[in-house]
Every structure is written in C-alpha cells, then in structure tokens.
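The data blocks that follow each hold one structure.
Across the two complexes that follow, subunit A remains constant while its partner is subunit B and subsequently subunit C.
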Partner chain A sequence: MAKAAESSGDPGTTPPRPLFAGLSDISISQDIPVEGEITIPMRSHIREFDSSTLNESVQNTIMRDLKAVGKKFMHVLYPRKSNTLLRDWDLWGPLILCVTLALMLQRSSIDSEKDGGPQFAEVFVIVWFGAVTITLNSKLLGGNISFFQSLCVLGYCILPLTVAMLVCRLVLLAEPGPINFMVRFFVVIVMFAWSIVASTAFLADSQPPNRKALAIYPVFLFYFVISWMILTFTPQ
Partner chain B sequence: LPKHACVPYSFSVEFEEASDLLAETPDAATTSGSNQLTPQGHVAVAVDSGGSYGAEEEVEESDRTALLQEEKQQPGFWTFGYYQSFFDVDTSQVLDRIRGSLLPRPGHNFVRHHLRNRPDLYGPFWICATLAFVLAVTGNLTLVLAQRRDPSIHYSPQFHKVTVAGVTIYCYVWLVPLALWAFLRWRKGVRERMGPYTFLETVCVYGYSLFVFIPTVVLWLIPVPWLQWLFGGLALALSAASLVFTLWPVVREDTRAVVAVLLSTVVLLHALLAVGCKFYFFQPLPLAHPAPPTQAASLSPDLPPPPTSRAHTT
Partner chain C sequence: MATTAAPAGGARSGAGPEWGGFEENIQGGGSAVIDMENMDDTSGSSFEDMGELHQRLREEEVDADAAAAEEEDGEFLGMKGFKGQLSRQVADQMWQAGKRQASRAFSLYANIDILRPYFDVEPAQVRSRLLESMIPIKMVNFPQKIAGELYGPLMLVFTLVAILLHGMKTSDTIIREGTLMGTAIGTCFGYWLGVSSFIYFLAYLCNAQITMLQMLALLGYGLFGHCIVLFVTYNIHLHALFYLFWLLVGGLSTLRMVAVLVSRTVGPTQRLLLCGTLAALHMLFLLYLHFAYHKVVEGILDTLEGPNIPPMQRVPRDVPAALPAARLSATMLNATAKAVVVTLQSH
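Moving on, here comes the complex of A and B:
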C-alpha cells in the first residue's frame, strides 16, 4: 500500500501504476490454502432457461402448458399409482373442466327462475366449494397432502364425468324414450365409477390407514352429486 | 428450580381437572375428591426435599404429570390443530357412534358410552350433508316416477331444493343444540349430580340422531302413502328416543314442569323437521304453482293438477 502511494505521488515521470497493483506484493499467510475452483455448474444452464421462457413465442408457452394438462388427463384416464398429479400440480385442468361442465349444465334463459337445472354459478360453486370442503376434511383428519395438490386431483378426476356429459348431450339429440335414458344412465354410472377409482388411486395413500374410508366417503358424495346433475339434465 | 416454578400453575390446572372429573363421574363421593387436592399440592413442593412417601403419592404424581401433558397441549382456537382435535376419530369409532344412535336403549347414554366425552364434528357435518343431498335427490326421483305414471306432470330438475334442504338441516343441527345448551346451562344450578353437556356434545347427539332419516328418505320413494307415514313414524320414534334418553340424565333432577316442557319441545321440533321435509320434498305437484318453502303442513295433497301445455318427457 505504501509503495502504491509513493508511486502515485510521483507525477509526470512514470505512468501511474494501476490501482491495487501493489496488492500482489502483500504476502498472505502461507498456511491458508486459497486455491481451488469456484464454479457454479448450473449457472449457464439457468441463464439459458430464463432467457428462453422470456423470448419464446406465445405458442410455445401455451403448448407447453397444454401438454402438461394433457399429460395429466392421460394419467386420470388410465389411473396408475403415480405421483405426476401430485408433484406437478396445476389448476388449469380443473378450471377448464369445471367451466366446460358448468356451460353444458346450465339451464337456458327462457326457463323459469324457480324450477329447472342449476345455473352456471351454482355448478361452479358446487364443484369448487365441494373440492375445498373435501380437502379441508382430509387435512383435518390428519392427511399429509397439501391443499392445492388435493384440489388438483379432485378437479382432474372430473374429466370422466365431463366426457359423460358430452355423451349425454349427444344422446339427448336422439329421440327420447326409455332406451335413451338407459344409455345415459349406464354411461354416467361407468364414468362415476371411473372418477372414484381415479381419485382414490391418487388420494388414498395420503391418509392415515384407519381413516381412509372417512376421507374417501366425501369424494364419493361429491362425484355422486355431480353425476346426479348430469343425469337429470334436460334440455329445454 | 423448575419444579417450584411450576407449582402454582399445576395446582390450579389440577383443581379444574379434578372438578371436571367429578362432574363426569357422579358416583365419586365428593369428600374423597377434596382430600385428594390438598396432599397433592404438598407433594409437588415436597418431592424435591426427598421425603419418603408411599407408593400412592407416586402414582398420583405420575397421574398429575400425565394430566399436565394433556392440558398443556391444548392449542389456541386460531391454530389448525385446534380444529383437528374435533376430527380425531377413526372409521370404526364413527361406525360405532352411528350404531349407537340407531339403537337407543333407556340406560345407555349416548354421550357417555359412545362419545366417551370426545365429541367429533365429522359425523354431524357429513351426516347433514348426506341427508340434504339424499332429500333433494329422492325428491327429484319421486317427481320422475310420478311423471311416468301421469305424463301431464311437468318434470324439472328442481335444483333450488338442494339449497333449501342444506340450509334447513344445517340450521337445525346448529341452532337447536345452541338453544338447548344455553337453556341447560341456565338451569345448571338445579343440578348437583351431573354437569351439562358441552355444546359440541349436544351438536354430536343431534347430528348422529339424524342418521336414521337417511334410509327412511330413500324408503319414501315407495309411493304408498300409509307406508311412507309408517316409515316416517318409526324413524321419528327412534331418533326422538335417542335424544330423550341422552337428555334424561341431565334434566332428571329438575322440576317436573321444566322437564316435561323441555322434552316435549325437543320431540316437537324433531317431528316438525321430519314432517316439513316430507311435505316439501315429496309432493309430486304439477309445478305450475311450485310449493312454497314453508315447514308447516299447510300444503294440501289433493290439489288437482291443472292441465299444462308444456309437458315434457325425459
């Protein structure tokens, strides 16, 4: 430090030495090893990732989310014991399904106020508040699943019932009669059973073993109510 | 010295625990209870000085620490753990409580034998939810079946009945026990032997007593009127008996007038709920004029169906 001060105080004759040049002359205690590599292995990788999601086209973003949703749909349709729905939960799928179901189930505007099927808002409220209530119930019973994971599973498992609603709508275009009703009844029963099996495959492991039935029964009631709304739907 | 520091706390806690225990076990003589309190206070202080006491005091000491452990773990009502304590039941326990409410016996107090003073909220909540949905669904089914027999009846999903059913049943299971609990606490001074039930125990009793209506409502699908009234009467008798047998030990020492009025009010409210549901959800009226949502039996079942031009078949 003294040398640097001396040399900088000498004007004109020699060009000023760069700052901190004298630091290399300071001797550090020899027994502290200060050699080694400092590398951040993920760093360049993260930087690439960040800039790629900022600069990618909108289509890429949408397709990536749609693919994630579609992958989870496949997991619901072929329920195996896997962790995909739980690990990478998202609520896009349940939202799409709930809106589709509510749009198809709502009564037409010419129907009277008191009688008739549910309004859009009523279906929405039943699905979301039902899912929240079941999640709270399973958490209060001591389950170790997180709030949004449970909402995600319950929402995705409405997929079979939405398919049943589509089929019922198509069948209702044909002539009414007992065969019409039997076909719809059969389809709804099968899809109801599929929903229950799918959600049980995902949710059952997170409950304490002697309370599994207590946690699964509200799921049964929830899908039963939705199936009932689908079965009693009459186009006006 | 931690032992000395916690003595006052333990003494007051212990007093409350002992008085609760005395309230719950009416057979325990009060004299021996009060004797238990003072020596334990001395035991807590004197243990450190190494006095040699008998084995009895050591057992009391271990009981006291066990009680302290339980007492200390009571969380505040703003934590999630507080509400978790109301759902601390297993499947077998819930099934046992349902069985107990279905088969009331005169000496068999529901709260003591089945709840064992650990009320849960799972049973009442989900039994009410199930009952509300089953009422709406079977009411709708009745309309479907009625329409098959008489195609002039206009069918519609009647979704608003779900809301009415839900609100009615939940209000019943929360407000009536609240009134009953408040009344019993007000009359507490008359009773020496047994403390009143806590609010949650009363809610539990009412919630589990509604379970018998679930199969009854399903059986009301059978369109034979006298059979429907028979099933309704049976269910009402079972349910009201369960309530009365549970309430009887608590109101037994009260004056006869109060006992008669209380028990008959309880049974009357229960009957009103059953009859109201029967009339509101199971009237296959042709729905040109939908039934008003009142609980009084003001609807006449003989209304002739006006001819409607909007008859639809499903």
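Moving on, here comes the complex of A and C:
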C-alpha cells in the first residue's frame, strides 16, 4: 500500500506537517495491478501511404497480395491456434473463393438460358449475407472481434468446401450412381468438418468463454447450407 | 496611406479596387487596421495608391501562403488565390458536413447495440428454454413469464431453413438451389415474423398482456417442435409416423404457447379467439411444411423442366396420402361412394 502512511507515523513527537507533505513519498507497490490487457485484436502493420508502395510496379503489388492470400490459405488448411488471419485480415481471399465457388455451381445453360445468372447471384448473396449475419450474431453475443476480421475468417474457411466442389466436379465426370453419390457425400462431409474446425480455431478465442457454443452454432448452419449446395449440384 | 491590408485582401481579379477596404472590413481577419480612405472612396482611388496596394498585397500573399497552409478552419479567404482556396475550402466544409451527417445517421440506425440486450443469454439458458417450450404449464391464473430474447428464436428459424433444405436432398433430380433457398428462407422468416405480428395485433384487440418481443420469442421457441418433427420425418418416410409426431410434438408446443397466452388474457371469448387462431396457424404450418411445401417445390421444378421429370425418391409423390388430413375423409368417402356405385352397377 502507499508508503505515505509510514512516513506520517509518530503521532505525538513530530511537529504538525504542512498539508500533502508526504505526497512525494508515495509509491505504489507491485501488488496492485495497474496494468491490464486490452484484448482487441490489432493489426500488426499499417500500410504506409507514401510513394514506396505507390510507385512500385503492378506486378509487385499483385504478387505481394497473392502471397498474403496464399499464406492465409495455408493457415486454413493446417489450422492451428494463431491469429494471422485476424491480424492481417483482407477480403481478397474470400472474394476469390466465393467467385470460384459460384462459378463452379453454375449449370451449363443448355436447357434454359436463365439458369446461369441467378445461381451465381444466389451463392454470392448467401455467402456474404450469411457471413454478415454470423458476424453480427457473434458481436451481439459479446465477442470482441471486428466486423471485417470475422468476415475474413469465415470467407477463408470456405476453402475446404471449394476444394470439395472441385473434387465433386471431377467425380461427376464418371458415371452417376450410388457409389458416385457416396464418394461425394464422404468428401463433402470431411471438408465440412474441416471448415468448422478451422473457423473454430480462429474465432473461438474472441468469444466470452462460456458462450463459444452459441457463436459456433450459426457457423455450423452456414457451412451446412454451403455443403448442401455443393452436394446436390448436378451438372446437366 | 496607412493601409495594412489583411492577408485576405488579395488582388481580386475583375472586382473594383475600391471595394478592397470593404472586404477587409467584412472578414475581419489579419490586421485590424482599416483604411478609412479606401473604404469611403467609391469614386475610384488614384492609380498610385492602387499600385501600392497591389504590391503590398502580393508581398503579404507570399508570406501568408505558408501560414495559410496550416490554417484549417473555414475562414473566408476569398481574396487570396481566390479560385483555388475558395473551392478547396468549400469542398472541405461540404465534406465535413457530410461526414458529420453520415456518422450521425450511422450511429443512429446501424447501432446494433439496440439489439444487444436481447442476445444476452447463456447456453444453459437456451437449452432449458428449448426444453420448456415442449412442456405446457397448467397454471393459467397469473401471467406466465416469457423470456424476451431473440437468439434462440433466430437460431431456430435458421435451423428450420436448414432442415427444409436438407429435406430436398436427392441424388438424381435436378434442383435449382437458388429458388429453393429463397423459398425456404422466405417461408420460415415470413411465418415467424408474419404470424407473430398477426397474433400481436389480435392480442392488442383482445387486450392480452404481451409485447411484440415476447410474441416473437414465444413463437420462435414454438418452432422447436416443428424442427424436431420435420427432421425425423424427412429421414423416415412414414405417414403414420408423421401424423403421430404432428399430434404429439406439434400439439405439445402449441399447448405450451396456448397456455402462456391464456394466462395473459382475460375473458373467455378473447381467449378462444386468440388461442384458437394461434393453434390453427401453428399446426397447419407444420402440415403445410410436410406436404404442400413439397408441392410448391415440385411446381417450381415442373415449370422449369417440363413434364418429363425422373420420378423423385420421396414419399410425397404418393398422391392420395399427400392430401392434408382434413380432406382425407372426403377422399375416403369418395372412394366408398365410387365403390358403392360400382357394386350397384355390377348388379
């Protein structure tokens, strides 16, 4: 505690001291915690808007961004508890993945011209509005993650399902049948579980500890809907 | 001549030099010394005076340029480098005003903190409320408590959407996932929001003690029974099983909602009206989801692909059993009547 109490001891012997004389002797001991941790996931580096990034060639910029996106893909494929995705969030990866998925989920428009357009838009809308809903839900439950960080994580964790879509497309080149369906079903289930594990590894730390299940459940529903879209896709 | 022109009294191209002093007076920036001679002299000053004025102003303009670079407030600096400065200042002002308005509107409408108290739940609470939604309580003498939260109902609506989509899974049929998704989301959210509003309106008419939030929460948790029934019967396609579940599980959740509403309403007519409407809508919605929703889906598929669709692997293709229960008796009667006619004709 403050040592001023000790310096102003000896009640009867000392002459009356001026007011606040002992203030200079006050020191705070190490027992009182006066520092804490602000648990805001922060960005590690801020882009400097000087001429060094403006004057570089377009190829440099694109390669740098692509490398960042590729690094995050690796983090999703091998999910560990790290906050790389949270620290340096970007939305390029989710955009690439969403566009790839939406393009692959289109049917060939041989039978009806209207089939191509709405499906692309539907997948797009579902992915982005689903991610927005999950983010709002986790913020309302008391999580301290920012809006775009959450969008970034959810978008990147669609990567396993995009891989599943690729595999399903390849498998569908073979003859249709129950084995075909079983193979696709198995692949989609495994990738679905992978997506959920990956997003849990990144998102769970930002929630209050007793509400993790409440925040993860809508993520489960979201990836379930995307898996359903992938599984029931049949090109014709 | 003791003109110490203000820095803002720059050379205005085209404007009469006799108004120079007048400008200084208006803006009040810079030097406070105003030359009365210039101000009153509207008939035109002498050229030498104006030459001196312009010279001094140009010198001060060079000095004040550096100062004006840091100056950020919206002072009217119209005289100095008029077009550039003025337009920049105006643009700056407009930007700041627009930004202020936008941030005010944003903080007013996009403030999700309004909804924060309704999401303040623990998993144990959600679990217990889910289980309680199947247990009708008999005490109707005093108002029963309804938890006003939105997390559980929202998640149940999304789960219902997911279950409806899951029920459409099939291996061979071409499905336009987009339309089905939109229909599923529209049906579930439309039911939750629409029927809640309608019952709230009826409750207002019948003088029942319930708020909109409580009604949303009550109906949302009532969808838990629907989720269970549909999840089971989409995987096990037995009609008898569906009717059993419809009565038991659907009936239990309806009874719970009815009991809560009865406890909050006074008067037998009002109770009957309110609870009868809610019970009818809730039970019929489950029937609709199991039977007619498939017809909506098949209708969409029919209009898309034409009549030659490969037969689907689902029980609702079984036409006589696909009719709602209310019309089953009529069907049986018709079949009986037909059988009677056939027997009569054969004699």
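Worth a mention:
Definition applied: the second predicted complex is superposed on the first by the 174 of 236 C-alpha atoms of A that agree within 3 Å, B and C clash if a C-alpha of one lies under 4 Å from a C-alpha of the other, contacts with A are read in each partner's own complex, and residues count from 1 in each chain.
Throughout what follows, contacts are C-beta pairs under 8 Å (C-beta built on N, C-alpha and C of every residue); 3 or more make two chains touch, one makes a residue touch a chain.
Since the structure is predicted, the reported quantities are computational estimates derived from the model, not experimental observations.
Steric overlap between subunit B and subunit C is present once the structures are superposed on subunit A. By the touch criterion defined above, A:Val225 lies against subunit B and subunit C together after alignment on the C-alpha atoms of chain A. Of the two partner chains, neither subunit B nor subunit C is touched by A:Pro16. In the superposed model, A:Gly70 lies in contact with neither subunit B nor subunit C.
In the superposition on chain A, A:Asn210 contacts both subunit B and subunit C. Listed for subunit C are the stretches 45-53, 63-71, 99-107 or 135-143, of which 135-143 clashes with subunit B, judged after superposition on chain A.
Touched by subunit B in one complex and by subunit C in the other are residues 111, 115, 118, 122, 137, 139-142, 176, 181, 210-211, 213-214, 217-218, 221, 224-225, 228-229, 232-234, 236 of subunit A.
Subunit A meets subunit B in the complex at residues 111, 114-118, 122, 137, 139-142, 176, 181, 210-214, 217-218, 221, 224-225, 228-229, 232-234, 236. Looking at the complex, you find that subunit C touches subunit A at residues 112, 115-116, 118-123, 126, 151, 154-155, 158-159, 161-162, 165-166, 168-172, 174-179, 181-182, 304-305. On the subunit B side of its complex with subunit A, the touching residues are 80, 83-84, 86-92, 94, 122, 126, 129-130, 133, 137, 140, 155-160, 287, 290, 312-314.
Residue ranges on subunit A touching subunit C, taken from their complex, read 105, 111-112, 115, 118-119, 121-123, 126, 136-137, 139-142, 176, 178, 181, 210-211, 213-214, 217-218, 221, 224-225, 228-229, 231-234, 236.
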